[in-house]
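As written, the chains take the letters A, B and C, and residue 1 is the first residue of each chain.
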């Protein structure tokens, strides 16, 4: 404890030098922490934005083969899927069963292409809460089973008024042309969304199913929101295995990156034909997840993190060289003092510890200052509103840069810098401890 | 029994390619409670003797006994502990720990190793020592706020903190003016009387030598004279102890 | 958009009444199918006039080489000027787009829609009227000065683009003059007119076709063919090298 007190006082005694050394450590740690926090937050924001755009973390789609050999994208065997869901019941926050189609909306001489999503609003009331209405109301929409909610710019382009009927032209899952009427019951504030969808309209699931030649209770995709986004892989695998027990499944392809869905999935061109040998009976399920889509982005983050790690190592080396050099000088300056302490009965270990503690204090002070500065910067930058439009918004959390700093790894990094500083001080410290008291005193 | 004893001690230092024979066979014994002056011109070997007595240096040959213990062959740990428990040091250039204030400097040796004293007893004892060296008003001052004489008083108090059997003082007055030097010597003498602590100091100042009751004169690495004065042992006036 | 529109153009040009024929009236369907069966090799210059209130009117001219036996075709744009030299080459199941600016071929999926206009993939597939449709009812009538059969058709399966059609078939020779195409919900989607045919060998090719969108007002497409020939096309025409050579 005596060593600790003396070390602490020594740090204060050489305040200017230690301030310089500590500042260097603080600056290095600031940069590293910012970079780490930035990539961490980026991945978090992108994951969250993707989950919101994709409507979940884990996605199940299904398809069957028609008598003519065409692949029909619809989950007809919903029972098998709903029987498999309880295996991951604990992880599920909510799930959404959807149908969707690329549809032409026609009003007078105007025609607009929109992705129309069918939602069972009796089960998924939250979807409406998530939409920002420019006109109309959720209540009005719910009261009209032919109701449609469209982006306001689409409504404007078509020249529609609330309550007016619009023709919806799309193809059935088997490829037939079909046309129905919908009533505009609401418009949503135009929002920049990512992905091929562009504009999305919402209708009741039953209506869209009818238009697409599906039974009322059927759907094309089941999207699952998990309680814990980090449990995404185990949950995907568990669901996949459960489905595999009862149904045909598409093998999990973990290699796929940013894949745009093929045209058939978007509703163009009708169903694709399946080769004779590849056909299957009943519904074939395909289980995918957010990570499948984020794979390339995640590896980009990995690269940035690797760069961060290299910076960290460089900083570490610079810190170690700085610390080692400082304490070599300190040792020379304090030779007489060391001799005095040794003469008074301070053991070698005591002398060594004073040096180690000093290095530790400077490193700890530096890293904590760096962390504090980094946090301040993050809060500051986080306050800037970059807006929610533009592709860049995908990387933002509601228009703000989010930073994610994992507590454990931050603590680990601080510990590592402190330990390495102490390690760098070890040689000078040991040399100081090994000084012969008489010689040391003579130096004074 | 002698509290410190040197038997035919030799000490050689390497100096470049040659060797310096600092001590060429020195023997003497110091009794408990003595106020000892090791006197001689500079380079005579005074400091070497003090270093050997203080166990901060080792003899090339011969025996160094402190409190009856042969120090040759002890481990660094044992010697460090011996220094802590038996010896106190006063240095020519005071060698206070700059980051500690007067109280803390005096306290410093007490905080090393185990102590039978309670915290309060320690504080009381330190305060007593600071009072005794006349620095009661300077307890919280740092060394750089004190004069040379004051610093050496702190060093005396510090040397006495662990109630050592022997206090070694290497030219304690060399950096002080004559008035202040006299004060320091008087203080040491007073402590020697009050606490019955053996004081061994080296000096080349004849005025100070005269205060000692046991004088060991050194010249060229050998004991020139070793005598006690009447002041210390009234019954043995002018008794000579041959070197 | 431009790209999709080009594909739409392509689809329409390829269409040209390739569709055709059983119950008492099924024979009519079969006759139509036989009469308008495309010979394997057809060369023609097609002019497309699209009227679209939303995207504006556009006229295109395309030099067309078509060989149904191999499922291959080549289209080279002559008009509009901005598309001059652009080509679509369909060989071995792959559809290639040639851009004379970059002198590069781009692969596009063959399953891609020629959508956005009134032509569908099924308009020029292997399907035939006789195979895909049953005759629900038939009556005699006139269309202009022509005596016609008016047939109501229903798809035999659920993968046919138009689940229901109504066609006006001239009695001699038996050719479709007009067609109304309906959605699954029985809504008229488009009306097609084939007022003129040219006879080449044993079959007839409609050299004038008009498609009128029934849902979007004022949206229609007219196709006229000139220089129609059914002479055998040299094999080397269906190659990337030929497309590049033509552009040199």
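Everything that follows uses one rule, which is that contacts are C-beta pairs under 8 Å (C-beta built on N, C-alpha and C of every residue); 3 or more make two chains touch, one makes a residue touch a chain.
Computed from a prediction, not measured in an experiment: that's the story for all the values here.
Asker: For the protein chains shown, what form does their contact graph take: line, ring, star, complete or other?
Answerer: Graph shape, chains as nodes and touching pairs as edges: a line.
Asker: By CA centroids, point me to the most central chain in this structure.
Answerer: The most central chain here turns out to be A.
Asker: Could you please state the distance in Å, as a whole number, between where the Cα atoms of subunit A are centred and where those of subunit C are centred?
Answerer: Distance between chain centres: 49 Å.
Asker: Take the average of all CA coordinates in subunit B, do the same for subunit C, and state the distance between these two points in whole angstrom.
Answerer: Here subunit B and subunit C have centroids separated by 117 Å.
Asker: Mind checking the centre-to-centre distance between subunit A and subunit B? Centres are C-alpha means, answer in whole Å.
Answerer: Averaging C-alpha atoms per chain gives centres 71 Å apart.
Asker: Show the residues in subunit C shared as contacts by 2 or more other chains, in ascending order.
Answerer: In subunit C, no residue touches two or more other chains.
Asker: Among all residues of subunit A, which ones touch two or more of the remaining chains?
Answerer: Not one residue of subunit A touches more than one other chain, so the list is empty.
Asker: Where in subunit B do residues touch two or more other chains at once?
Answerer: Not one residue in subunit B touches at least two other chains.
Asker: Where on subunit A is subunit C touching in the complex?
Answerer: 66-68, 70, 104, 106, 108-111, 113, 167, 169, 171-172, 174-180, 211, 213, 262-264, 268-272
Asker: Which residues, counting only subunit B, touch subunit A once they are in their complex?
Answerer: 51, 54, 56-57, 76-77, 80-81, 83-85, 87, 89, 91, 93, 95, 97-100, 108-109, 111-113, 158, 162
Asker: Could you list, by residue number, the parts of subunit A that touch subunit B in their complex?
Answerer: Interface residues on subunit A, with respect to subunit B: 1-2, 6, 9-10, 12-13, 336-337, 339-348, 350, 436-438, 441, 444.
Asker: Contact residues on subunit C for subunit A in the complex?
Answerer: Listed in rising order, the residues of subunit C that touch subunit A are 53-54, 109, 111-113, 115-116, 120-122, 155, 157-163, 181, 183-185, 187, 189, 215-219.
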